[in-house]
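Once you scroll down, you'll see the structures, which are given as structure tokens.
Next come two complexes built around chain A: one with chain B, the other with chain C.
After this line comes the complex of A and B, so read on.
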């Protein structure tokens, strides 16, 4: 659906993306990366917000800035999302329908569908300023899907949401993912694990990994160990302490080690695979 | 688009920081109309008061438009709007449409009120109505539109930097008032740098969207009206298009954005270019270049020379004038000279007109231009010269809005060297030809031009000693009487006849021949000159030429007669002499106020003589004190000098009043005195006025004693 070829983008002299190559199809992708890794730059480039990135971004084999359908098919939720506080949710949706060029007769239906899919149909008459932060993020998703968009780029959609809102978000994505390309940028690995088919790991502007969640987990296979604090020094080679936990009064370190150790390895999580990549322990 | 527009309007109306001030503004406008209606019923005064408020409204609309448009940035909407097909463009278009609705209401209110005042005042002069409509569109329509474009552009470019936006708004607002004039005048006032002042004002003028600025106290001339010259419209369009291109650069990407940037640069270049060639405009403020000050300032350092007796040596038999009045005067003037054997020919042409070429039938000939003067060498037998020039005068304007070119002003080459400005009398020299020349004048102008010569369709011909051209809100108000029809003090033929009768009787009374120019004045064409002509000149109240009269006002016969009489004083007379002359005229025209305390007792002639002596003594004493002497004085001496000057000034007034009262009212030789002093004032006498008074009083005292 979308092909990113040799995409590079710099801000002044600082490179934000280095020769990124991606092929994205109608699936849910999780774009993982630390803060400043280049997630937002990549998403903005794909959304066509930057005027002059190097390389190519093709939508259905056509450069996005030349594609007539790309903007119609695109739904974008930026990291910081807001709306006219003075309008009601329904008015705002109508406003967006007009901007997206959705035919007047289809508007009501589209709005109802979008609001239902984000569970906000009962707040349609409320002013935006009365909605909570989580609701506003959901409205953001609603505006992105208005017009039956085929491509959804969601930049940090769960940032700042409480656990129940995050769970609701995951459900929403699950409902929306049919026949859509959804690219979710996040630094929260659990969110990716919960609702993405594929993961793209980006660091320092370069793509480190592009594959399934399982493949990412497998990167850390035989590299994750949970050992007693006292034995921590016995680890051979490069290591990275993933977390420190207490079990039955004893302190354990969950460690990521580059070389095989004399301890039994743990089943890796998606986060282990991700850390393995970014800490260059693969 | 309707939905977008409706949503933008809802945002505006539901935002308390926008809708409440807007409602208050509407209420204030209504109250302001009431104030104007109650206090300034006169046609222009109302418009002046309305225009004065204009910059506040522009600033308010900058605020409204900025605060409405910046909501998209405050609410982080722009990023996702840009991903929609022309989403940001549509959003801006909706905001601008909404703002147009917002400004439409006050614009319509102003327009309706102006229209109401027009009909209420019963002016019934269509060009004035058209002018008011233009005024409404320019000042209460386009300037508001400029406000919303600037505010929206600032939101697009400066985003949420409110401090920068409001600082710029305040600066913009102040530049559209006269309150910042002092800053622009600093280079001239402190460093005498006229060029820097001119450059700074160029910048200020370019930012001026309300040309009749808040704080401006100059009166609006009815013939001209408010400044609505083409450059005003061009500037308004510039200040709408330039911000629009800035907004559009935000809405597009890539090539279109670059094209928009190039367009905005081109618009700036075009705007600056057109502004630089704005030609003749009416500048009425404190700058050196402005209407009232430009010429007095120019001639201050170039005192007039004594050209009397410096005859041209030739006369111009015929003028063929082809004038094009666009943004300024473009002229091709062919003159036929009666004497073609001179070695050189001098002409006077106001220095504001740039002479491009001088030709004879044989081609271009060299000329030397120095200030107001042109010198041409031998004509080699040719008798015709063709002058091609263009330019403007700060006072005698000629543009697409109005024309005021009086025949006594050298806007076309006049034979010989003559002064343009008289520093002593503080006024323009009445510069008419010594002979009547044949004129054939064709004026290309969008205006209907009125001329002292016969003709129609802006083509005139005839004989005269000067060609006066007037146009604008000007018309023939009665047969051969031309004036601004909406003025309340319109001249009437019976006033002129009455003045003529009064003057004829006066000259009979004075036993002096009536000057040729004064005879049959009621048969001459009468042109009411622009009111502002008197603003910087003491010599133009009334000017009588061979076939027409120009006068600033004509309210009644006696006043007109007195003005005419006043105009015949010889130009070399100084200001003190003018004051004595006015006293003289008061008695000559029997205008003395007999309830004045001065009339309670007869003038004590001995005391008067003593006062004259004292005056002469003090004048002689003070004349020895130059600047250096004054600086070397101690404090006591300075105080004494200052007291002497005050005393001299007081005595000047007392003696002038007493002498006039005695000589022209009490004296048994009153009639003879009137004659003596008429000769004194009208002849080129170098004698001292006080000595003459003293001599006559002494003679009369001697008569009494004998």
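After this line comes the complex of A and C, so read on.
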């Protein structure tokens, strides 16, 4: 669906993306990376917001800046979303319909469908400024799906959401994922684990990993150990403490170790696999 | 046009500031000047009109630009390239819309003064300049507050203190002949230059 070929982007002399190559199909992708890793730059490049990146981005084998169908099929949720604060939710959606070139006679139906899918149909007459932060994020998702979009680029959609809003977001993505390419940029690993088929890990502007969640977990296979605090110094080689927890009054360290240890290894989580990659312990 | 309507609607109470200035403040101030002067004080009324009317011409355009330059999520307005409007086109539409309001004020002036049409022409050209200046500065500074302040400061300083400065766009005189519009052609040309400069920044903004 979308092919990213040797994509590089610099701001002044600072490289934000270095030769990124990706093939994205109709699946849900999680774009994982630390703050400043290049997630937003990559999403903005794919959305066509930068006209001068090096390399190519193709949508159905056509460069995105020449492809009319790409702009019709695109739904984009920026990292910060909250424009037209004084309009009602319905008016804001009407504005986006017009921007996307959706025929006026189809607008009412499209808006109703989009608002229903994010459970905001009863707030259509409320002004944007009266909605909570979580609701505004849902409005952002609703505007992104207007017009039966085929490609959805969601930049940090769960940032600032409380746990129940995040759960609702994951359910929304599950309902929307059929026949769509959804790229979700986040630094919250559990969001990716819950709703993505594939994971792309980006660090320092380069793609470190592109594969399934299972494959990312397997990177940390036989590298995760949960050991008593007292034994922590006995770990051989390079290590990284993932977390410190207390179990039945004893302090345990969950450790990522590059080499095999004399302790039984733990079943790795997606976060273990991700940390293994970014800490170069793979 | 539907999008422009929604952008104006998004201004809520701020939308009503120019109509209040044009339909309440200007007529009342002109009326008060006539009453105090005890006769035809057209030059003073022309000064009042030039102080208030062009100064508020950039109000709606700058509030429309605010969403494009300052709002969270503004990049969404740039993503859908095929549906988006040209900002310079919106600025000109909003100037034309403002001129319609100014026409209503001048219909009122017809009943008070003999020669108003030269003043009308001077004022709509000055308004065009103010819109162009606001548009250019907003895109240059990526901010709408600075141009708003500059516009008001310019109107106040050159209309109240520096009448005869060559940097002033305002006309002084009786406005009873074409010669009263000595600065207007130059002001119109500068306005188009500012629109052109702003448009170049706009193209850059949309494309990178």
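Note that the second predicted complex is superposed on the first by the 282 of 282 C-alpha atoms of A that agree within 3 Å, B and C clash if a C-alpha of one lies under 4 Å from a C-alpha of the other, contacts with A are read in each partner's own complex, and residues count from 1 in each chain.
Note that in this section a residue touches a chain if its C-beta (ideal position, glycine included) is under 8 Å from a C-beta of that chain, and two chains touch if they have at least 3 such contacts.
The model shown is predicted, which means the values in this text are computed figures rather than measured ones.
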| item | value |
| --- | --- |
| Clash-or-fit label for the pair chain B, chain C on chain A | clash |
| First (chain B), second (chain C), both or neither touched by A:76 | both |
| First (chain B), second (chain C), both or neither touched by A:101 | both |
| Which of chain B and chain C A:66 touches, first, second, both or neither | neither |
| First (chain B), second (chain C), both or neither touched by A:47 | both |
| Touching partner for A:84 - first (chain B), second (chain C), both, neither | both |
| Intersection of chain A interface sets (partners chain B, chain C) | 44, 47-49, 51-52, 71-72, 74, 76, 78, 80-87, 91, 94-96, 98-101, 104, 140, 143 |
| Chain B residues touching chain A - in the complex, by the definition given at the top | 1, 3-4, 7, 10-11, 14-15, 71, 74-77, 79-85, 87, 90-91, 253-254, 257 |
| Chain A residues touching chain C - in the complex, by the definition given at the top | 44, 47-52, 68, 71-72, 74, 76, 78, 80-87, 91, 94-96, 98-101, 104, 140, 143 |
| In the complex, chain A residues that touch chain B | 44, 47-49, 51-52, 65, 71-72, 74, 76-78, 80-87, 91-92, 94-101, 104, 140, 143-144 |
| Residue ranges of chain C touching chain A (in the complex, touch as defined) | 2-3, 6-7, 9-12, 67, 71-84, 207-208 |
